[in-house]
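Below are the structure tokens for one structure; questions will follow.
Per-chain residue numbering starts at 1, and chain names A, B, C and D are given in the order in which the chains are listed.
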Amino acid sequence: MNNTTEIFVNGLWRDNPVFRQILGLCITLAITNRVVNGVTMGVAVFFVLVASSFIVSVIGEYVPRRVRIPVYMLIIATFVTLVYMFLRAYFTGLSQALGAYVGLIITNCIILGRLESFSSENGPWESVVDAAGISAGFAAALIAMSVVRELLGFGTLFGINVLGSGWTPWVSMILAPGGFLVLGLLVWIERSISPVEEG
Amino acid sequence: MARFLKYKNTKMVNIVQISGLNLQKLDRSKTKTKLEKRPPGDFVVIPLKDGFGSSLIPEVEAGDRVKIGQIIARDDGGVSTPVHSSVSGTVLDVSFMKYVHEETLGELPDEIIGVKVEVDRSFWEVEEVEEVNWEKLAPSEIRSSLYRNGVTSFGQTGIPSGHWSSFYDPSDVSDIIVNAVKSEPFTHHRVDFEGELEEFKHGLEIIARGYSEAKIHLAVDPEVQEALGDLSSSQRISVRSFQSEHPNGIDKVLARKILGGDQLDDGGFLMDYGILALDEVVPIHAYGAVVLDHPVSTTRVSLGGPEISNVVVEVPVGLSAGELLDGAQGYKEEDQVILGGPLTGRVMSSPEIPLGKSIPSLVLMKGPERSEVLAWLKPGSKKESFSRAFISSLLPNLDRELDSGIHGELRPCISCGYCTEVCPVDILPYQIYHTGSHDLVDEVNRLQPQRCVDCGLCAYVCPSKLPLSRVLEDAKWNQSPRVKNYVVYEKGEDKIEPSLPEGPNDNRGEAS
Amino acid sequence: MNWLKESLNDLSDFTAGRPYLGYATEVVDTIEAIIFAPTERSQERPFLRDFIDVKRYMALVVIGIVPATLASIYFYGWRALAMILVSYVAGGIAEVGFTLARKEEITEGFLVTGILFPLILPPTTPLWIVAVGIIVGVILGKEVFGGTGYNIFNPALVGRVFLTVTFPVAMSSNWVEPLTGGWAGLTKYGIDTVTSATPLGQFANEGTLVGLKEVFLGTIPGSLGESSALLLIIGGLFLIVTKIADWRIPLSYLGSVMAFSYLGTFLWPNQVAPPVFQLLAGGLLFGALFMATDPVTAPTTKGAKWVYGLFLGVMTVSIRAFSGYPEGVMFSILLINMFSPLMDDMVMTHRYGPVQKPYK
Amino acid sequence: MKKEIWMVSVLLLVATISAVVLGLVNVTTKPIIEKNEAQNLRKAVLHSMEITPEADKIEETFKDQIETREIDGKTVYLRYNDEGGLENVAFEVSGSGFQGQVEALISLAPDLQTIKGLEILNQQETPGLGARITEDEFLRQFKGKVLDPELLIVKSGASGNNEIDAITGATRTSKAVQKIINEDVENVRSNMLTEDRMEELTHE
């Protein structure tokens, strides 16, 4: 396994932001009741993280240590606002469904954490690969959760009825408590497959 | 700072009101018990250690001839009692032997020196000697006579007379409790001291004279009190009667009930509080030692069990448990022989181990021979239980039975609280189990496991069949309990093997 | 019966350690343990053991619930029994699956959960919902904590709450009038859905009170097992007499409900129902006698038991009077379950003082 | 000192770039966003008055048929028939639901009592429960009901012509809708669209 693949797989599985690092839960719990939301949010975070990682890895060495956080925040906020306006202009329905949570990507610690811990110390190529891996991992987690929740909560996938019209919706799956349950169960399953090495 | 050392709000005084479990009542074999004297077999093996005392160096060699009552080992400087030969005969061998270690009641292999003596029957009878008028003896003379003749406290601890006569200053002994309460089922005493009542009464007064500062408390069953009659000859001797409910027979419980328990909260030995607990046979031995100058060469053991009829036997020191039980009804090799009572005693790994002086009772337990089909669904009219889950509990006059089966599998604690309800010293065994099994040492110590008096009632009533006796013992002595692995045991094996605690080098420290 | 014991032993020996069959060993051993009492004797002190064991302990709870179960069949037809069977089968599969995966022994706590759970459901609950609920209850209420003895919440109530938030329509509006007179439900499978309201629901929505006699005898709409106060009291007294349930918890719980609803009727007469009605209607008796007394989730020290009952009463009266739900027993027990270790700890602190941390 | 100047200038630089980029994007997207929003409202107004325009002709149809008026700060949409008689009056009503603000558009007959249609514009109710107020099945019930004396939401089996079936399991949200409609319509009727005003509007 070469370095690039390793960085990517690391972000996707071993350091999966949701299942391993338990980060970005606000968004994860709030929007994963439909797969469309999960996919959109995944793409949005992918764009923001990759773009800001790239920029930070390029300009990182010129930014004084003491102002790096405000600078990172500015960069992230710029991209998030871009995404927000883009969604509102061209995907009105989706932007309504995601509500304030697109804006909240700014405060998502997955992104700031990655910029701080990886991009600021690595070259542009590695940073982009890492960002892609992490956000792919995030998107995968969102999709996994939203598939479960939409399937049980609405009986549909991408809005298409797959479980038949007689399906009794599981209301709790649509609500935040169901999000917690599904998250907990998925974390449990993920850790049973590859146990966390302590120490 | 004293506040931090002594716990506040302890409710130890209430113990006087707490009643235990009357299991003795269920002992169907209990009849008027006879004293049966038995001669030795071909030889005896005398352990050179008794109860609490230290191990002694022999003063005899193989080939020596010894007489009954002759001292074969002594160490006047240590905490020990002189060991006398219990028979007359020829020393065959002086070697290391297995010994029933009373202090922890575990078995320490090949640590104690034993003297094997071949019995020569022509020397069996003890010579008659002139009676000493003990009333003219000084207290120190009485104490030295007790020591010389090997009178220990007998009973559960077997504190050597060297300990209580010289190790501590006699003026430190403020109370002496003569414990004649038998609360555990299948352990007995002779209710009316047939033929020895006078010796017993005199013995009490001898002890009172030997310890002129101490108050003597005689704790007896109500029926014994009747038999003893008037004991008002000495101001310092008082008689208290106690029902034979279980923990009453334990020295520490008696001490708390008689003296009020506040000062006993910190655990430790009764001697540390100036209280001396003596077994009921001590006055008789004291009489023999002081008046007749007879060394203690015999031991009195009560034999009992669910299947055998009860008897108290007097045998020379050095007989094995197997020899004692030989005549007992239906004794088989695979039966459990328990030293002490069935709730507080220990199982002997081999009945061949010779017994020292301080063995109050042996209980023979037979395993349940058949399993009752769907026993947990049957109403079970005669079954004894602390819970009222069987019909017998609702019909108080019905005969109830005890047996040695475990009646259920080991399960996790369900916090039913039975253990706290029966606990005579008001501690929370289930909490000690919970915190102990997570190695929370501070929490365990907060729960004051040192108050435990080892009565075993918590483990007796536990529906989950948890080994709470061991949990509490570990919590009390080790402070880092071995309870962690108690629940893990191999199916199909009879024994629950505790695993030893991991050393300080376990990897938890490195992980953090 | 020896042949059976021997063949079970042979089967157990045969499967032990073999690939794919290894799991069966546990099951065979469990079957043997259920049928035959163990013949082992104690290997360490005490050498005498009380005849009670966890199996019998749990079996007695089931016996205590039998009157209410029979009543549920009488009132709602044989479908009630079908619900109990579904609960036992589905929950049993989840339970056994988990213990096998963990290589632990199968414990008896499920005996109780499996029957208590269907009895707190509306009589019209679809059978598949019963199965979902008991599986969730066993897994999320018990197994995630480590199995019987380690759970914080009553597993049956966890399953019930999950159903309440997941299937609100099926769980809160499909009540039916029970059958009465003659053979009633004994000749029927189930009741055609006739939507009705529980006494507490009627009070919450319309402010009307149902007669106490009906509530006492159980001829009112409600969950399967909770309707008949009379039979619940009989079963509960049985548990108290056998020392399986501690009398302190029901007494303080019911007393606290009485006291607070008496107080409440003065302050908010429209929202708080009168004491005796509160006591008999809804799931209070069922909860107080069979749910709150669950030894695993209730406090164990005596003082804490009184406090536990007191808080349960406050919660129940408050939820019934001021929340959107007409019934509050389930929520209050689950909420207060959370605090029972804390209550025990307070008793211990009172008795022994705080935990002394060694100086570092 | 040099350090601080460098720090401030980096921050300023980044902020400026970001502002410029966002400004540019905003200029391009703002009209689209506004158009989208207006479109949604128009669609709702038309729908509540039972006009189904072709997808690309919403704006035209709206301009053709609907007259928008500001009356005492309240935007009111009016529709006149070919003879010039007032047919429909529509306006926004809003209030708190079970979880958050519910905004709806109600369309009434000129008597201001008979409901012609109801559209939910915005809501944050529980998905699958309260959020079902946006479903046609619920909204269709309102057509033709009369606010006399006021709208009543019942648990089931609505019979009167002022009664509506609540959503099963979401009684709270249903009651909230009832309250919003009753109160806001009453408010508009007594303060803005008074009888005199309606007289004027009708005869225009």
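The rule is simple: contacts are C-beta pairs under 8 Å (C-beta built on N, C-alpha and C of every residue); 3 or more make two chains touch, one makes a residue touch a chain.
In this text the structure is predicted, and so the values were computed from the model without any measurement.
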A-D against B-C, pair bridged by the larger set of C-beta contacts: B-C
Innermost chain, taking as reference the mean of every protein Cα atom displayed: C
Most distant chain from chain A by Cα centroid: B
Distance from the mean Cα position of chain B to that of chain A, given in whole angstrom: 68
Distance from the mean Cα position of chain D to that of chain A, given in whole angstrom: 33
Chain B-chain C separation of Cα centroids, rounded to whole Å: 45
Chain B and chain D: spacing of chain centres that average the CA atoms, whole Å: 88
Chain C residues counted as touching two or more neighbouring chains: 168
Per-residue multi-chain contacts in chain A, two or more chains: 171, 175
Shared-contact residues (touching 2 or more other chains) in chain D: 129, 169
Complex contact set, residues of chain D against chain C: 129, 155-156, 168-170, 172
Residue ranges of chain A touching chain C (in the complex, touch as defined): 168, 170-173, 175, 177-178, 181, 184, 188
Parts of chain D lying in touch with chain A, wherever the complex brings them together: 3, 6-7, 10-11, 14-15, 18, 21-22, 25-26, 29, 32-33, 36, 40, 126-129, 169
In the complex, chain C residues that touch chain D: 168-169, 172-173, 195, 324
Chain D-touching residues of chain A, taken from the complex the two chains share: 33, 62-64, 66-67, 70-71, 74-75, 77-78, 81-82, 85-86, 88-90, 92, 153-154, 169, 171, 174-175
